[in-house]
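The same chain A turns up in both complexes below, where it pairs with chain B and then with chain C.
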Partner chain A sequence: MFYPRIKTSALLLALIVPCFAHHADAQINVFACEPEWAALSRALGADKVKVTSATTAMQDPHHIQARPSLIAKMRRADLLVCTGADLEVGWLPLLLRKSGNGSVQPGQTGHFMAADYVALLEKPAVLDRSLGDIHVAGNPHFHLDPERMLQVSVALADTLAKVDPANQSHYQNNLATFTQQWQEAIQQWQQRSQSLRGKRIVVSHNSWVYLEPWLGLIQVATLEPKPGIPASSAHLSKVLTKLKQNPADMLLYASYQNDKSARWLTQKTTIPAVALPFSPSKDETLVQWFDRLLNQLLSIQS
Partner chain B sequence: MSLEGLELSILGPAFIVGLLVLTTHVPLGQEVLKRGIIFIDLAIAQIAGLGVILAWRFGWEAHGWEVQMAALSAALVGALVLSWMEKHWGQHQEALIGITFILAATASILLLANNPHGGDSLKDLLVGQILWITWEQLLPTALVTSLILWLLFNFRQKLGNLGFYILFALAVTSSVQLVGVYLVFASLIIPALGSIGHKKSLLTGFIIGALGYGFGLIISSLFDLPSGAVIVWSIAVIALLGKFLIKSDRQFVE
Partner chain C sequence: MLKAFPMAVITAVLLMSDPVLAETEIELVKQQLDSLKRDYEQRIAAMEARLLKTEERAQQVITETRKIAAKPARTNSVAQNKFNPAISLILDGRYANVDNDPEDYELPGFALGGESGLGSKGLSLGESELVLSANIDDKFYGKATIGFHNEDGGTEVDLEEAYIQTLGLGRGLTLKAGRFFSAMGYLNEQHAHAWDFADAPLIYRGLFGDQLRDDGVQLTYVAPTDTFLQLGTELLSGSRFPAGGEQNDMGAVTVFANIGGDIGIAHSWQLGLSHWQANNIEGRTSGGHAHGGSTTAETPSFDGDSKINALDFVYKWAANGNPKNQHLKFQFEYFDRKEDGTVTMLNSGPPIETSSYDGHQKGWYTQAIYQFKPQWRAGLRYDQLDSNNKGFDGDVLGEAGLNNEGHIPKRTSAMIEWLPSEFSRVRLQYNRDESYETSDDQIMLQYTMSLGSHGAHLY
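What follows is the complex of A and B.
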């Protein structure tokens, strides 16, 4: 179901795109909202792109502080690569407006939202704000699913070629290399993670819905009563009783998150807590990052 | 250090908005200091935020100017209550303002207990970020500013208690959304305090504030730090330097 979507978007983009005359040796500027898209852009663009990331792995991508360099970088950007699905809704529209850069505004070729190219989970059937911090478009943390990452990489290579047509073959070659490496890595990860299948986990925030089915993890409880709402004591004691009757194997939380509630639960139940890297750190490739994530998960059970 | 953020089109609108905020906040801040009610800006801002949450709570999905109306009406009601309290329990006004602030803040928490989205809109209202301001936003800000200045300087004697509180509510509700609550507090209190006892206190206060915004924006560009926080420090440092310089100057004259 993704390919028709890619095709229509590609067709639409092709209609809008004016011809950008770029020298084959000039670098294009890529502005990534999160480190995972910076890493993917580097993998696909290599020496033809200059990539900056607005947030680091230790930052919550929902909120950032306005710094002058962010605006300057957005102003120079030829391509904007973000998650979309309202993840950056708190700051990206403001930054785009302030930058005044026409080529990365919504609807332009240089405006790449990864969420447009994958199917999202947890798309609410009914829009009810009382259900908590639910993203209208669906859960935006899909970069944790290696298969979806592959879908995004195809679309991104396509967009890179449109923004910088002179280097089209370069991007397609890099995509082929990346795809091969990534698929090999997937196979290896699947073998290594066999022992994780069926493990029961508790999460602090609902950030892992894409990782769970891929690794075969079973989510038994969430520390937040509703997404984005801090746990109340009543909810925590409910979770605690549930876990006493029906214990879980580990508790997952993102390393940028506060570990207070995770520690609290570990003390009460002796369920080991794991802080997972939610995004690649600076200059880390996607393969290295996911490897690290998996190692941390595997280290818990030995 | 980097020079890439040092562009007029990035820093220019922020600096002009800073100057506009200062033109109203320096005289208002002097009045606030005189009355000894320095936390009134926090209270008014929080009440304005509470207004938006209340509107949302009663099922009114406010957007754009409707949010402004909800915020402003709440701030005006707050101003009325505060001025009434000053009239009746004037000697405890500072304490009452503090209590009003925490009541408004915690009421927001209670109303939002089940909804993080409302929290976002509250945050937008209280933590405006000065760098996001564009040239287009300057015109409405300039209009509001001139209205306040016109009222402030033409009817100063007639304004009285109530008039002051209402004008203050209007000024703070608009400035908090542009530059955030920290910068509003800094623009009100620091230049006013730094210019105390000076002959041309209004001009001195304005210069302290303007230098603070100017240097703050440049420093935040050079070191790529969040601009609002840097400007707060820069205003404080300049006010302090000003105190030393003026003091030594006076000794020299004597």
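What follows is the complex of A and C.
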């Protein structure tokens, strides 16, 4: 009668005790919602952080399921780094509530929303769902603007220093290095992308509004009739007529998006379609990712 | 030996060469080295200066960025709270083509309680729900769901959920208090509008009256492990079916454990075990057999102990782990209930009809849902129940609906859904319903729409 009880208590203790143990020189656990914030956290934290990304470049960050593995990761996070602006509204609040982790809840130092530190484009004047799945705060895909990325990096370095004050100078030094590299890269990208200026583009979803002004691209049509609503054949034929009168140079869509309508339009118009990496791939740095994105854009123009 | 030979020759030649010439050569090399050194020193100094400049520029950029970043108000990420609290209204309506009379509905071997049944025939309004939720402060979250449904021609208001929950308790602990859906099983915690079929699985109908909810407190603990491990317990008032009538104050208890994780990037799973128990239930009434004609219906009432064990398993697949375009969901749940006590037919007799009761009911369902296009989903479900109830007076058990009449209740369902956006859904469902002897072909057309703030769905 007693033995089984002792056994279960011992088992319970074995499960519970490790969470009370704390290592002084432990790495900071960073839970990044998207790969770009994982890459930025790695650049700023280096060996002082352990970063996990909730999503990959092949996943649509609007539509993620609150999987058990994500709750387990959130449970152990010291710092949450996400886009915000309601991009993760369908899954992040649930992960936070289920995690039982006090240090990453809204209002805590460990709750970092990048959208809090940049000005957003496309803030809707009218909030009506008949206009599609619009984001109240504005378009959340600002990680495609290198200047805004720089603004976020400064804020994130400050937050890292607050979460882990013992390594404050480490984060500030890394920020200086990152800023320097990023600025040099921006100069290079601007030189290399001269030929893209004034190119007319068709997009699948309104994901590129921050990239367009920076590269001087002109968006002439969207395949989605409304944000988040898949293209209907009626809408696609409208786009087709428009493009026949007024051709575009390329069609852009994020690598995680369904390419069916993009391929259809390419067949009909011979406008080259390109699946751009919307986020860095695993272990890729931000510079490498943006380089790759730009190379892909440059490679398709004839 | 052979290798050493050329070395020896070179050494000999060097020794024999003119020492004066060697000295001038050394001088020359020295001069060259000096000039090289000066050259490099200059270059290094220039590089250092440039590096310092870039560093200064980087610092300048950081300072400037800080100034810019300080400007925008910190409101971008909390747009949802522009509606504080977040409010959403669920509208649900349906058309049901059912041959059997909903009044005759029964699950032989199961005493039905709660809201269980077939629902209305023809056109009807489903459950309309008003949901309010918000983070109350940095420590608590609160949610209330008010349901409106038709009851005998009038509209009845029901406080479905009203609970608060801790946010910042830490160490993986979360405390919930109020009225909430129990964490028993998998489907139970989800709202009916989030279900994949228009009706509850038969076992939920048979044991819980569609869904188990109660007033009480819930404590959960998430372990700091790579694999998701959650342990939890609930202390419930036990004032609702299947715990008992209002006079019961003994309460009900649940314990549950869930584990889950990912397999690669495309697969995820969750396995749950749960146990519910209510001792000394007094006066749990249920529907039983309808007795036409009598003004005061004989109502079966149960006194005794009841316990339920459940197992649930969910598996999901999505190519690249991106469920937006296509995904598959498989779920299985098994419930087993054992009861021990007496059954009394209220308003019967005299003498009042009563019997000892040793009940065992079990059932399972399995379903698979496939989203084959971003706006289209299709699914299949199969339900099956079984029971083995014993008692001193078989007639009383029979009247209470606890005799399985040699019938195994089962049901096969198929559905197809169209989801124009994340906020709307139209569903067509077909059931081959063999809940009791008279089998029935049921067709349901249902819409479910959500107005207002964007909700998050459970796994």
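We adopt the following convention: the second predicted complex is superposed on the first by the 274 of 302 C-alpha atoms of A that agree within 3 Å, B and C clash if a C-alpha of one lies under 4 Å from a C-alpha of the other, contacts with A are read in each partner's own complex, and residues count from 1 in each chain.
By our rule, contacts are C-beta pairs under 8 Å (C-beta built on N, C-alpha and C of every residue); 3 or more make two chains touch, one makes a residue touch a chain.
What you see is a predicted model; the values in this text were computed from it and never measured.
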Which term applies to chain B and chain C once both are placed on chain A by superposition, clash or fit? clash
After lining up the shared chain so the two structures overlap, which partner does A:Pro68 touch, if you call chain B first and chain C second: first, second, both or neither? both
Figure out whether A:Ala137 sits in contact with chain B (first) or chain C (second), or with both, or with neither. second
Of the two partner chains, chain B (first) and chain C (second), which one does A:Thr179 touch, if any: first, second, both, or neither? second
Go through the superposed model and pick first if A:Asp116 touches only chain B, second if only chain C, both, or neither. second
Looking at the overlay, what does A:Gly90 touch: chain B (first), chain C (second), both, or neither? both
When the two structures are laid over each other on chain A, which of chain B and chain C touches more residues of chain A? C
Just chain B (first), just chain C (second), both, or neither: which does A:Arg200 touch? neither
When the two structures are overlaid on chain A, which partner does A:Ile229 contact: first (chain B), second (chain C), both, or neither? both
Looking at A:Lys238, would you say it contacts chain B, chain C, both, or neither? Reply first, second, both or neither. neither
Can you list the residues of chain A that touch chain B in one structure and chain C in the other? 65-69, 71-72, 75, 90, 94, 97-98, 100, 129, 132-133, 228-229
Quick one: in the complex, what on chain C touches chain A? 54-55, 57-59, 61-62, 65-66, 68-69, 72, 74-80, 82, 135, 138, 141, 165, 167-174, 220-230, 258-262, 265, 268-270, 316, 318, 320-325, 374-375, 420-423, 451, 454-459
Taking the complex as given, what residues does chain B use to touch chain A? 2, 4-7, 9-11, 113-117, 120, 129-134, 217, 220-221, 224-229
Contacts from chain A onto chain B in the complex sit at residues 65-69, 71-73, 75, 90, 94-95, 97-98, 100, 129-130, 132-133, 226-229
Can you name the residues of chain A that touch chain C in the complex? 15-16, 18-20, 55-56, 58-60, 62-69, 71-72, 75-76, 82, 84-86, 89-94, 96-103, 105-108, 113, 115-120, 129, 132-133, 135-138, 150-151, 154-155, 175-176, 179-180, 183-184, 228-230, 256, 258
